[in-house]
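Sharing a structure, written as structure tokens. Questions coming.
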Amino acid sequence: MARYAWLGGVVLAIVVVVGVMVAVNSDQTRTLRIFIWEEYIDPAVYTLFEREFGAKVIEDNYGSNEDMRAKLQAGGAVYDLVVPSDYMVRLLRQDGLLLPIDLSHIPNLTHLAARFRDPPYDPGHAYSVPYQWGITGIGYNQKLVHPAPTQWADLFEPARIEPYKHRISMLNDMREVIGAALIASGYSPETIDPQHLAEAQALLLQQKPFLAKYDSESFEDSLASGETVLAHGWSGEIAMAQSQNPDIAFVIPAEGTFVFVDNWAIPKGTRQKELAEAFINFVLRPDISAMIVNHARYASVNDAARPLIKPEILNGPSYAWPEDSKVWWLNDFRDAGRLYERVWLELKGR
Amino acid sequence: MWYLLPPAVWLGLFAFLPLGMVAAISLMQRGSPITWEFTLGNYARLADPLLLTIVGRSLWMSSVTTVLCLVIGYPLAYFIVQRRLHVRTLLYFLTLVPLWTNSLVLIYAWMVLLRVDGVADQGARAVNWIATDQSLNWLYTPGAVVLGLVYWYMPFMVYPIYASLEKFDWRLFEAAQDLGASRLGAFFRVLVPLTWPGVLAGGLLVFIPALSNFVVPQFLGGAKVALIGNVIQERFLSQPQDWPLGSALALVVMLLISVAIWAYFKFAYEGDAVG
Amino acid sequence: MVRAQQAHSARIHKGILDLLLDPLLACNALLAFTFLYFPILMLVLFSFSSSRYASIWGGFSLEWYAKLFHNPDLSQALLNSLLIAAATTLIATALGTLAALGLERFPDRRRASHYDAALTLPILVPDIVQGLALLLFFVLVFNGLEHVFDWRPALGRTTVIIAHTAFGISYVAVVVRARLSGMHKSFEEAAMDLGANEWQVFQRITLPLIWPGVLSGGLLAFTLSLDEFVITFFTSGPGATTLPIQVWSMVKRGVTPEVNALSALMLLTSIVLVTLSVMLQRRR
């Protein structure tokens, strides 16, 4: 009995101390809370920012735009910066979840490459400032895949992919996957024609038995390690895979593909709006942008940073731009999206 | 009794009210995230053969998992209970450790084991079961999903059965043998019926969570096989966002579970009456 | 004569089956333990490998453990997990014990069995349903609070703690109930006959007797909270990343054997906790 009283006393003491710690754990210094994709920025940037601005930076990650949106809708307004993709910027605006950005606090905006100025999804940069961009394409292992793929059909045609059965991965993203199938079938990836979508669905179901997995998060690692030899993926990640395994190459399919831009945006309810804008401006400094690119390998929208970026990255997959083939931006569909959802459910559910 | 008031209020607010909200949301229309208009459309959509196929497949995989856990777990528990005290404690302890280890980590272990050029492949090549450039391709298959589920939930089956066996009056077993039954006969005629509540408890503890597990199909199944857990999770935290449909599906899962629990109470107590 | 022969052969039949039973059981047990432990041991083994790919041995190395200790995300996640688990344990143990005591003493046995069932409900509800239910709950409550009071709280450690206690209470209650039902009411009655008031009875008689149960329950709530993934996944917010969530992102990204090293350490912790629990159970 005495033994237990002693043990109970110790436990109670620990719990009380912890409780006090939790209660007292309010941040006194200025803190910037960033909600961002995983491995999408160089942590050294935070250290530099913290030193220069006397603030603390906390980073949380998400794996998909929708995940981030759900958390914002649920009251994650304590984030000061989020990084939505192009179509998501528009959606978040419509949800009323974003604050307009004061561009006078972001003089470095002039460094933006012309291609990314005044984007269609956010005219005049009212709610977002571009950060990084990428292209969807096919990553592959040059040593093991012959002949090298050049178009989407090389990912879908059974005769072509038969030798690589179980060594192929597609993104786990509804719009990307269905889009790829649509383009491969000769249609626009923005179509809402049920006939076109039916064909895309057939193509995807035909492809499925040859796949290892649907994966948007570790496809580059699987490619680099040799687990897969053909991967539907994004330019930045494939560039990262290439840096680990020189046999990896990237191709932009000849029929055309999606391009996307990820942007900084400030959620409603933030308490550090000016600090957030200062951070956006900070990242647009040529040296900082270059640092991020050299670390994370994704292409920056910052033109002024180009001289400082490693040449192999500039010439690599990250900065590949399809000169001859068509490029589409992802747009949100609203109700027409149900058709796509149906196809996706059929694909996964069968 | 006033004792009950604080927990009742807390649970009422944070456990039961949210469940009620799920029911309420299932009757609303999707929006961003919800449009506050009444509709029965979500339940109408449940009649979809595709969704029914997914629910059916989830039930099937859960059942297979439960049966496998039982077939391996019961003899295991029996074996442990038969040992001498120190060995028994050690083995019991060994069975519990995976239970209290982070499941994600365990699933990761299986991914590394089963992947192309993983340990399983290397072993198979070493014994010339497959050629050196071939792979077993066991990962990213429905079989791998079942394997993962069995692995994850096996200790949940063993734990109640073991508890039941420990309380069992072994004199009954001996009596049956004295009356002429073989050990196997005594096993099935005396032991199993009297430990039936433990078996059913174990079955519930496996079946219920296995039904809505989304981690295993995503990692070990390569996101190729959508089980009901995946469909629900995607509707909330991924694309396409559809909280009302997700809620309706969640209620369907709750309904299936209630049926299972009802069956438990019915058969567990009947078993007692027979014993 | 014939009957005796039949009886004799019948006995031999039983003998053979019975003979096979033990080796079969042992075989099954061996296979089961191999199945259970092979992945774990392999995980631990490769945590000491210097190769970046977790299935190829590259020579002994402790670099992944070193990396772990220098990983700031991980230490933050661990701290969060511990804080949340501690707070959860405190609340769940207190409320769970109250619930158990209340139910045990409840005069109307029929109503008590209904409340009993209600109390067990959170254990039976799948974690994904609890997670999304709480997410919905928080969203709606926050919206409501914003409308009425113009104050919008956010998802974070507090919401995770609330979520964990919702099922923690039930687990503690079940464990303490089990302990209580084995206890003789006569002790309490005797004490009251001797003039002790309710509080003294509780303090001197009831509490010491149920204390192992309370500790067990608390330990269970602590471990469950520490390992909880799905519900936390739905209800966490900024600065509330817990260890399982961190592991999830590491596993998703298929990164280096750092995960192996982390797993080995978590395994060690499990072993310690299980030992504690088994020891507590032995003190009957």
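Descriptive notes on the structure:
As written, the chains take the letters A, B and C, and residue 1 is the first residue of each chain.
Keep this in mind: contacts are C-beta pairs under 8 Å (C-beta built on N, C-alpha and C of every residue); 3 or more make two chains touch, one makes a residue touch a chain.
Only a predicted model underlies this, so the values are computations on that prediction, with no experimental measurement involved.
Viewed as a network of touching protein chains, the structure reduces to a complete graph with every chain in contact with every other.
Most remote chain with respect to chain B, judged by CA-atom centres, is A.
If you average the Cα atoms of chain B and of chain C, the two centres end up 15 Å apart. Chain geometry summary: the mean Cα position of chain A and that of chain B are 34 Å apart. In whole angstrom, the spacing between the mean C-alpha positions of chain A and chain C is 35. Contact with two or more other chains is made by residues 33, 115, 117, 236-237 of chain B. Shared interface positions of chain A, i.e. residues touching 2 or more other chains, are given as 70, 73. Residues of chain C found to touch two or more other chains are 135, 139.
Note for the complex: chain C touches chain B at residues 14, 17-18, 21, 24-26, 28-29, 31-33, 35-40, 42-43, 46, 54-56, 91, 95-96, 98-99, 101-103, 105-106, 115, 118-119, 121-122, 124-130, 132-137, 139-140, 162-163, 165-167, 169-170, 173, 223, 227, 229-230, 233-234, 243-244, 247-248, 251, 259, 262-263, 266-267, 270-271, 273-275, 277-278. Chain B contributes residues 32-33, 50-51, 53-54, 115-117, 135, 137, 139-140, 222-226, 230-231, 236-242 to its touches with chain A in the complex. Per the touch definition, chain C reaches chain A in the complex via residues 53, 73, 82-83, 86-87, 89-90, 135, 138-139, 142-143, 152-157, 208, 211-212, 215, 218, 237-239, 241, 249, 252-255.
Of all the residues in chain B, the ones that touch chain C in their complex are 1-4, 6-8, 10-11, 14-19, 21-22, 25, 33, 72-73, 75-76, 78-80, 82, 89, 91-98, 100-113, 115, 117-119, 122, 151, 154, 182-185, 187, 204, 208-209, 211-212, 214-215, 219, 229, 232-233, 236-237, 243, 246-247, 250, 253-254, 257, 261. For chain A in complex with chain B, the residues that touch the partner chain are 64-67, 69-70, 73, 91, 94-95, 166-167, 172-175, 208, 211-215, 226-227, 337, 340-341, 344-346, 348-350.
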